[in-house]
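Okay, so subunit A shows up in both of these, paired with subunit B first and subunit C after.
And then the complex of A and B:
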């Protein structure tokens, strides 16, 4: 049996704020296999980015609870000290293209030096070696080599995005988290970046965790899908199945809210607002907006209901009673 | 790099104020280099505080360029030295009967100024301790001859001619016999030595200089045995009323030296203080903002305490108690300022930068705290700092001058502030020595102006939002 390259079991990340506890990631479990890509979709504030930050240990100071098991290559990295995590895992095994990554470049250093930073920090290279590698990487993501001496403000948004992607790949990690890598880009550039990401996946044999709220885009680049709602993964499934037959009511509504090109159908929207993570509704967190809400949904949290091929859904509708 | 620099310079020079500022600062730097190269620092201090070095300089003389602007020409310094082989000196030996000889030193000089000199001093040097009778004769134009005195010479002798009251008595008596009256006011001895002896001398307002050739004869009577062994020399100094390009002070010191050496000290003091304080404040602010929590708390409370402490009284107290040198003063100023208000404003900037996406991204790929502070946060605010460094240089130049003026500066240092202090202490304005106050003040002002003009132009370039429409 093939072992997953990343396996998350019951991961919790709670923040403490003045008003109370924010349960940003509440018992998330997922598996990611080699060369597989997992789309994490959900509305804003559903905990997608917190999940990414928890995996990379980018924790804010007001942390209240951070536990669970994260196995990378079979090793539980949650047990590692911060120092070990930094030196062995961060960027060596798992890297990230951060949100708003067009602005993720240091405005006062040149592109080449910026690209070289992860190599200098994690691989202990000297500056010249790192710059050589950076030049190679720039070429790989399709940026002319003379841009190595330019500053970020001299590059277009798409180019900056490519640089940030190159930065995530330059140390050859096996897992790359892409946190909304195409937001704030125009549609053509988005397509370019998506093609680049596909090409990288084929050439470099990496696994992606692709965080987005753009469901159409997620279908482009996913083998698996995790739908997050208010800190929970409410559905975890295979892409081929998910886009045709979503199981969870939320997934169904989410998919039907996406405009399609050929069909002429009314776009539906989900009534109500996403719940506050500070004070989530009792029982199933989706019940106030759910068209199929039952009594039990208002009282008890739904269990994780395993479906075929390791997928699961968190909904009372599928509970065998 | 060079291309970027020249592009930046070209942009800077679009501002006329920057050009003027650069010219001023460049000339100050040239002046400083000249000072440092020609007179070493230790030498300048030694010279400035010595008395002997300045003995041939006039007291409180105005700068000599005032003669360009006045109708009445003020006298320059005249120094006649028999040890120098010049044609104004004539050394002869006259043999008398009975094996006696007279060694004669004759000084000849032209006096063509419209005002009287400030002092006349004759110094006689002998290489023997033996006593000789000496006679000094003063011959005015028109062969009017006065025997100034007979005295005994033993080794070195300074004869303050312009204080010789005996001569004045004889002069007055002579005047009565010549024109039947003596002046109604207290005639100065320098006037008696140089005035025209006609009716004009009787009134203070009409007394005139007798222009022409003056001769001073020093006769030393000696025996045959000494004539070949004893070497006697003389130096006559007719102190003027103008000197050099900057004039002199009450201790005959040439102000040019202090003004010249004041430039490197002012620049060094201002630049070192400004650069160190700004950078230290920035580092402290960066560390405080980056680490936050208790470190931030401690740094901020310390800053508040030091901001509340009155700066000037503290510096005054320290200087009074410890009599510190100017470089110690610099250290004290830096130490009292590094937890200044700059820490607050830079911290505010850093707290903003800390939340920027690129800093978060760098945290994601695991840049160390050191790297974050020095490569990601500080370079971002460097551009806003450069103008403020330039603009705060004059603050510290003025601070040094102000401390010197309050009498707590380095008692040995040669600074513009010290010149001002001397001038203030000697009531220069009351006595009419305007140049003494104006020269250092102008230099201070021009320095401040130069840095301000450059700083404001830099500010417009680095912070384009300030640029006028």
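And then the complex of A and C:
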């Protein structure tokens, strides 16, 4: 059987803040296979960006709990020291296109030098080799090679985004985390960047974790979908099933709140507000907004219920009793 | 399709008539004007009473400038703004106070729009004081408007400060503030783009209800055609300071004429698992600089159908099929 390239089992990430504990990622499990794209969707504060940061170990200081198992190519990287993780895993095997990547570039360093930097640091190349590689990479993402000597402010938003994507790919990692890669871009630029990301996936054989709050956009780049709500993955499913037959009541309501351009349907909103991660409701975290809430949902946290093809849903409705 | 003709003058049913509006922001270098940002370049439209007009465009298309110019926050360079058959284009000082009372403004970022040191009652009372509403009526109006935006029970919210509310509730306060003077027209500039998906529809539904209940006219400024589809009667598409197409929402979406509108519609995905296999044909490039826009049609460098004339002459605004307006040489 094919082994997943990334396998996450029961990952926890809690932050300590003055008001208490923030349970940002609360027992997340998922598998990512080679050349597969997993869309992680959720509203703000659902823990999706924290999940990305936990996988790359880019963590702030106020960590209260960070444990679980993360296997990359079969190796449990949670056991590695920070130094080993930095030299062997980060950017060599897993890289990231950060949110608001327009601002992720250093304004006083030329594009080419910024692009070459990961190669010099993580691959031990000399500067000329690295710059050659940077030139090649710029061409690949559709930027003329003479831009190598330009500064970020001389590029448009879409071009800067392409540079950041080139930077995430330049060390040839097998996994790239895309954290809202198009959220600050215009509609047409966004569509062009999505085309580029699909082409890269086909040509370079990479796997994506695509984090987004835009449900319609998530379908552009998802073989699998993980829906996050208040720190939990509440549904983990396949795209061909998820967009047609979502299982969890939250997923169902979320999909029915998406305005569609081509299809005519009634759109509805989800009453209430997402819960605070500081003080989530007892039992199922979605129960105060759930139309099917039962007694047990208010008291006990729902278990992970396995469905076909290794998908799962965290909901009492599907529990066999 | 009938041959196009030039657009005609004001519509008597319109609450707002914009005619040939220009807003050029001067760029100053050492006190000398070195150029102009041509944010709005000859925009005309009518807004009918009790209707929602969506103004759709990308960043830098001039949609926010248009909203702020109608509110008279920006000064028009030339053109006319006619509100309720009165010319408000160049009103100044005290003359404009009545106009400010008739139009409400809903900003994009609700947290930034609310003063953090005032509670909800103070926030809603301020416009009432400025416009001289008597003290005993103020509390009544505040309660009424909070109920209207469904911040109920009112007692739970009235003494709270903005930071104590969620994003959706903050946006309701902003809407309540826009409504408290009982305006006839509301300008909502990206009112939901900072909110989560599940809350967005709730806020937009609220706008629809207000429009129906009070016959308020709304200008809904957005970059998102898919919400415009559900929450507008008419759509105007802007590109680089021009309205390039305007029609009833249904017609615009099913029969888009301008190549830019066609590209926009093509670019927006619906949630469909088949999307992951398909590539979209989208014009490359970025919107032009408004400092130095391209000659002729401003979309021509990106347009798949660009002809010779598009590179030289600005296309006229043509009327095709009733009230479907398009600014493109393909239909000239």
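One rule holds in what follows: the second predicted complex is superposed on the first by the 321 of 321 C-alpha atoms of A that agree within 3 Å, B and C clash if a C-alpha of one lies under 4 Å from a C-alpha of the other, contacts with A are read in each partner's own complex, and residues count from 1 in each chain.
We take it that a contact is a pair of C-beta atoms (placed from the backbone, for glycine too) under 8 Å apart; a residue touches a chain by one contact, two chains touch by 3 or more.
Remember, predicted model here, so these are calculated numbers, not experimental data.
**Student:** Should the superposition on subunit A be reported as showing a clash between subunit B and subunit C, or a fit?
**Tutor:** With subunit A aligned, subunit B clears subunit C, so fit.
**Student:** Of the partners subunit B and subunit C, which touch A:16 in the superposed model: first, second, both, neither?
**Tutor:** Neither partner.
**Student:** Check the residue A:117 against both partner chains and state whether it touches subunit B (first), subunit C (second), both, or neither.
**Tutor:** A:117 sits against subunit B, while subunit C stays out of touch.
**Student:** Kindly classify A:216 by the partners it touches after superposition: subunit B alone (first), subunit C alone (second), both, or neither?
**Tutor:** So A:216 only meets subunit C here.
**Student:** Regarding the shared-chain residue A:98, is it in contact with subunit B (first), subunit C (second), both, or neither?
**Tutor:** It touches subunit B, and subunit C stays clear.
**Student:** Once chain A of both complexes is superposed, is A:260 in touch with subunit B (first), subunit C (second), both, or neither?
**Tutor:** second
**Student:** For the combined three-chain view, what is the angle at the C-alpha centre of subunit A formed with the C-alpha centres of subunit B and subunit C, to the nearest 10°?
**Tutor:** An angle of 80 degrees, rounded.
**Student:** Output check: A:204 vs subunit B and subunit C. Expected answer is one of first, second, both, neither. What do you get?
**Tutor:** neither
**Student:** Could you look at A:135 and tell me whether it touches subunit B, subunit C, both or neither (first, second, both, neither)?
**Tutor:** So A:135 meets neither subunit B nor subunit C here.
**Student:** According to the contact criterion defined above, which of subunit B and subunit C contacts more residues of subunit A?
**Tutor:** Residues of subunit A touched, subunit B against subunit C: more for C.
**Student:** Once both structures are aligned on chain A, how many angstrom separate the closest C-alpha atoms of subunit B and subunit C?
**Tutor:** When the complexes share the chain A frame, the smallest subunit B-subunit C C-alpha distance is 5 Å.
**Student:** Help me check something: in the complex, which residues belonging to subunit C touch subunit A?
**Tutor:** 58-59, 166-169, 196-202, 205, 223-227, 229-230, 253, 263-273, 275-276, 279-280, 282-284, 286-287
**Student:** Touching subunit B in the complex: which residues of subunit A?
**Tutor:** Touch list, subunit A to subunit B: 56, 58, 61, 86, 90-91, 95-96, 98-101, 103-109, 117-118, 121-122, 164, 167.
**Student:** Under the stated contact criterion, what part of subunit A meets subunit C in this complex?
**Tutor:** So the residues of subunit A touching subunit C come out as 37, 43-44, 156-158, 186-192, 194-195, 198-199, 213-223, 239-240, 242-244, 253-255, 257-263, 267-271, 273-274.
**Student:** Can you list the residues on subunit B that touch subunit A in the complex?
**Tutor:** Those in contact with subunit A are residues 292-293, 356-358, 360-368, 371, 375-376, 379-380, 382.
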